[in-house]
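This is the structure I want to talk about, given as structure tokens.
Chain IDs A, B, C and D follow the sequence of writing; residue 1 opens each chain.
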Amino acid sequence: MNGYQHLYIPGPTNVPEPVRQAMNVPMEDMRAPDFPELVTGLLTDMKKAYRLENGRVFIFPSSGTGAWESAIQNTLQPGDKVLMSRFGQFSLLWVDMAERLGLDVVLCEVEWGKGVPLEDYAKHLEADKDHQIKAVFATQNETATGVTSDIAGVRKVLDAAGHPAMLFVDGVSSIASIEFEMEKWGVDLAVSGSQKGFMLPAGLGFLGVSDKALEANKRLANSGMSRCYFSFEDMIKLNDTGYFPYTPATQLLRGLRCSLDMILDAGMESIWARHKRLAQGVRAAVEAWDGCELVARGPEWESDTVSAIYAPEGVDARDVISTAYNKYQTSLGTGLNKLAGKAFRIGHLGSLNPVMLCGAISAAEMALVDAGAKIEPGSGVAAAQAHYRETTPDNAKGSPAKAA
Amino acid sequence: MNGYQHLYIPGPTNVPEPVRQAMNVPMEDMRAPDFPELVTGLLTDMKKAYRLENGRVFIFPSSGTGAWESAIQNTLQPGDKVLMSRFGQFSLLWVDMAERLGLDVVLCEVEWGKGVPLEDYAKHLEADKDHQIKAVFATQNETATGVTSDIAGVRKVLDAAGHPAMLFVDGVSSIASIEFEMEKWGVDLAVSGSQKGFMLPAGLGFLGVSDKALEANKRLANSGMSRCYFSFEDMIKLNDTGYFPYTPATQLLRGLRCSLDMILDAGMESIWARHKRLAQGVRAAVEAWDGCELVARGPEWESDTVSAIYAPEGVDARDVISTAYNKYQTSLGTGLNKLAGKAFRIGHLGSLNPVMLCGAISAAEMALVDAGAKIEPGSGVAAAQAHYRETTPDNAKGSPAKAA
Amino acid sequence: MNGYQHLYIPGPTNVPEPVRQAMNVPMEDMRAPDFPELVTGLLTDMKKAYRLENGRVFIFPSSGTGAWESAIQNTLQPGDKVLMSRFGQFSLLWVDMAERLGLDVVLCEVEWGKGVPLEDYAKHLEADKDHQIKAVFATQNETATGVTSDIAGVRKVLDAAGHPAMLFVDGVSSIASIEFEMEKWGVDLAVSGSQKGFMLPAGLGFLGVSDKALEANKRLANSGMSRCYFSFEDMIKLNDTGYFPYTPATQLLRGLRCSLDMILDAGMESIWARHKRLAQGVRAAVEAWDGCELVARGPEWESDTVSAIYAPEGVDARDVISTAYNKYQTSLGTGLNKLAGKAFRIGHLGSLNPVMLCGAISAAEMALVDAGAKIEPGSGVAAAQAHYRETTPDNAKGSPAKAA
Amino acid sequence: MNGYQHLYIPGPTNVPEPVRQAMNVPMEDMRAPDFPELVTGLLTDMKKAYRLENGRVFIFPSSGTGAWESAIQNTLQPGDKVLMSRFGQFSLLWVDMAERLGLDVVLCEVEWGKGVPLEDYAKHLEADKDHQIKAVFATQNETATGVTSDIAGVRKVLDAAGHPAMLFVDGVSSIASIEFEMEKWGVDLAVSGSQKGFMLPAGLGFLGVSDKALEANKRLANSGMSRCYFSFEDMIKLNDTGYFPYTPATQLLRGLRCSLDMILDAGMESIWARHKRLAQGVRAAVEAWDGCELVARGPEWESDTVSAIYAPEGVDARDVISTAYNKYQTSLGTGLNKLAGKAFRIGHLGSLNPVMLCGAISAAEMALVDAGAKIEPGSGVAAAQAHYRETTPDNAKGSPAKAA
């Protein structure tokens, strides 16, 4: 009765109405003779969203973390050397997982606010003459700091060194939101999840796998890490018949069918452009707020799906977040790990539009002032408005049939 | 995929999530033995929302217009003299209906922007010594102009004149939103609908009827206007057994059960206060916009459920509305009848909160600027923010179980 | 947790899943610039479902009873002579309405179990040389007795007599279920509602109107019965622009868009055939039950949308119905008026299939035995199965995309 | 439009309407300050459904297969000796997983149609004087054959041998449906999933863990199998604060809140009794069908959640299943592995009632006859009816507020 809760975290994102309708379903038989029509279509279309021509995309009933684990378990062996970098909570957790799964991590520590260090990677790869490094890991979008890394650049570094390592990408908060070209960039394993750019509830982990990675998996055969739930072998065998090796989350698959239709209908380039447009408005607001600044250390690192924002000196970012939530019914992202208390985040990915973000910016503005920030009320909204007025197409609404 | 459509018209209003859940139902048997549990509870609780101790509330499968018609058909006869006033599109339509149904309307014309003219009413009633005037009509909230009239004042005028006329009130966009006291104010027929303060889809017309009006209906018996669908007699007969004389809209009744629970749980005074708080923020924004002003001609007329706003000189309000809709996915209310092109409206009733209204104000602001208004971008949002920051309770969100 | 409630009453009927999804919507602006796309499409497609080439179909926010009232108010005057027949609760109520609205009813009483008496109608029309009879009323499907009348036959009788009276048809429980040809049969006013063959919740009244009836309405102009809510004039004026004269029930309109798509996609003939196929199975079951028989007095009267069934001698049909409801979670139709205690009804219209009806027959069978009937358990289901096995197409399920 | 699809597979099961409503939600912030209210309540109440006083229940975003894997990864080491038995597709897959995860499986092969071989288990445990067997596995309900094993008996065998091995139970298709007493029976790891007795869509894997198993996990510390996604450590750490280590499937958690309320409100004993009552009706039908018989080799093995049924000699069970699906819109369970073509299954767990099962039996009956079986049409339904008439409480429907 007190209106909608406002959700501006970097996932789960807001579910479009057609997707919500599509998930309002009774249960169905996942062994029905016509179930493969659904499954095969999804597997084909996920490749389009991933920009993958060869290879496969797997759909696991799991979170993105599960897909991370699957990528490692199925293509690497304990003791394998891998090159990773750490510059935020999620790249940190990925390193942690790699170590726990027995990999020998060559780690590049990076200042939080920057991303994958191409030069460091180049050095390590150049130096690795006998190709001990089996895989290079890159977090495309570090959700904790709002930092986007240059994946095409990582590919260039690999190619320049003539290095055969596989390229692992964490695309959880980037794929289906910002530019991602799995085939063109030579990415071998790309992780994502349902609750971000795919605009669904959490519950599905996605994993794009190149032909090269599939070959690596075959070579491992029964050796390598123990795996069953997340094994490629079982999934391939059943997916090839249009089914899954265990009961899939059919409600989410029906939702995915709808969101993929929306995504592919709009076109990936259009979606990437929309995210950029929306993000720029938020960044304009941050710039207008005295004493606030992005955690990202420069335009080249700024993420189009989430902005991590330092609260002004003397303001506890936790107060901003709790006031936004309790008083203004608005969920902002928390500052994670070393950013706790220092930064808050505005998620701006998925199904959004300028007026929604003006609301989000207003909520942040009110909460900042309540928490003691000396910003000019309305300044952020005014800056965002100026951007949105100039960049929003006149027919943003689209036809009613396509409204979402 | 482009985010939510924003709905800030004075009805239909935004449906709270629990109500939406409650309407996601399969069909049911409206003659089932336990169906009366639902019906009886609704009829009892509608009286609480109407603040009616005696009398009845009818629930028709219709719009509010149908309830207008029912009120007249069941208690008046063709040729009966009635006192009415006209100061906006909806009071105008009510007069039109009264005339088409054969009533002899004594009409007070009032400047649009003001409401029921108590002094004129007093004069007419004082002069009507032989009580030819059978009913006095008052539009509590003129939705077209954002003007609220003083219903308690109309009662005082009637009492001062010692006049026995029935008091008809159009409460479509006021009941369950702003103060309304059917019993205390001696209102005899009070019309409302599901799609405003009751936070449901359109489809139910509500009619509160006092004991005095029920008596008037009985006296008419089979004389009076022809009526069947909207007749009190049929409805009373069946309602008394817990059923309806024809198939009711059970999906909406299930939704009404939920919204009434929310409304009565919060308490009417709390709801009225919330609407005032939200409305004040919108009015602060209007005041901050150079060249804009409320259609309401003074604070005593300002409505807490809808603000009609004159666009600045030289700006076509229709451009504001169409830009808001097509470019910013936001529905604002149109200027009706003589306000077409001059005014636009922001509906602020039902399930809303400050951040939603900051979004609505942002949308209006952007659309105003696009349409050529020389307002300061962000000025309205800043003014509203200041108000909301001061007046919103720290725990506005409430407990998660009650979140809506 | 105790499974679905089973609904086998002659309306409201079971809502197909796609329609249910389509109604799971937030509210929308009924004055939006693109709203007419929805409205115009619906008005056009309703004519297809009515098999009407000229004329119009109106969509009222009301029950079917409201559409009955609209038909009369807009085309007839108090005192007009009309020819009607009465053979069940709904034809009875229609006569009652006609009389209350001031018509001069020439009434043919018919044994309950039969339908419109063509010969009697012929006599009255032949005798009415100066065409005092302004309209002839026919209930196509008497829902209380499960009797279908011959509307094409009524047209023939009118033509044979060269009589210009308008033809009114109550098609509430027949249109979009069994054969109905508004244009071909020369029907002038045809009433229906959302909650039967259109497979929606209750809340919309439909009224098909021929050009001839529209002319009659124009001739009445401001004379005739008082009317406003249900007036053709207001509706025509706004419908012609793609809008409604008052707030429409948009949630139901979105549902109607979906159900019309399903209906027209399948094709009317296919729908009529399906209803016949399903009905025959129920009738086979009734025939197999010792001591039960249809209220319909012969195959020519049997309805394909509802079967009214006499309980065996000594068995109170009310016990059958209450046992089915309380013990077996199944709603059967009650015996109305003079059939109370004697008959129960199985509704078999709308979104149904053979296995659902085997369930309904099982429920009735168990309830009959519990209530003391000496029928052979399983006999009805066996008879229905035999019919369904022979007549159900092998691919009844259809493609998954069209599953409902 | 052709009515509901009928779902009588042993999971996913039919979702009750209140659960379906509860899942019709917008996304929410899984790091919100009040999110732990939801999580803590669920974790507490899952223990009640598991009948577990000490220990924990984990909720993974996965299928039940994931929970199988978690149980093994977290408490055993590669090379550990475990005692298992194989008598159907799911016990077979569990053995397969154990072997792939590196366990040394002592395998008891059992005729399909029987269950856990208590005597064989006793022999192995008695012989294992130095307690090399670290765990004993038992599939409580073999979904492929409709066989229930005696878990209390396995406990007795362990106790009689004074053997300290952990007891692993696959309760996927039994917990929350048939008697299961985790604490009383001394079960250490019990696997289940959302899409069976918990009446939700697939997507959540449940794992009950005793204090003894938690101790075993602690002893493993960083040794043992590599694990991350399914690791107890991460889950415990976050669950203890009311959160999850990665984004949980909040939509399903909201559904689980509702289904747990329904389950605990009814009481576990009542649920077990209801499943027995419903199952007996299905078995009565099978007995009535000439030439059909249960795969279960005796009453002591018969499952109350699913019946696997041999088609008569000469009838291909695949035809029965495909005819039921394509012609009668009914999903029956397929014959898995060596039962393919020989048997079909009727799932009778979750949200069901007698009339639904009469429908399922009718569908099977029609499909059997179509496939060439010489059964008496209606015989199965008649037998089931007789059982349901005698055993269904007169007020099975319950109050409307609790209807589901």
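Operating definition for what follows: a residue touches a chain if its C-beta (ideal position, glycine included) is under 8 Å from a C-beta of that chain, and two chains touch if they have at least 3 such contacts.
What you see is a predicted model, and the numbers here were worked out from it, not measured in a lab.
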{"item": "Topological distance between subunit B and subunit C, in contact steps", "value": "1"}
{"item": "Cα-superposition angle relating the copies subunit C and subunit A, to nearest 5°", "value": "180"}
{"item": "Whole-Å separation of chain centres (CA-atom averages), subunit A against subunit C", "value": "53"}
{"item": "Averaged-CA centre spacing for the pair subunit D and subunit C, given as whole angstrom", "value": "45"}
{"item": "Rounded Å distance, subunit A centre to subunit D centre (Cα mean)", "value": "34"}
{"item": "Where subunit D touches two or more other chains at once, by residue number", "value": "4-5, 14, 17, 20, 24, 26, 32, 325-326"}
{"item": "In the complex, subunit A residues that touch subunit D", "value": "4-5, 7, 9, 11-15, 20, 23-24, 26-33, 61-66, 68-69, 73, 78, 97, 100-102, 193, 195, 201-203, 222, 225-230, 245-252, 322, 325-326, 331, 333-334"}
{"item": "Residue ranges of subunit B touching subunit D (in the complex, touch as defined)", "value": "17, 20-22, 24-26, 32, 34-35, 37-38, 399-400"}
{"item": "Complex contact set, residues of subunit A against subunit B", "value": "1-6, 14, 16-17, 24, 199, 259, 262-263, 266, 271, 274, 323, 325-330, 351-356, 358-360, 362-363, 365-366, 369-370, 376-379, 381-383, 385-386, 388-389, 392-398, 403-404"}
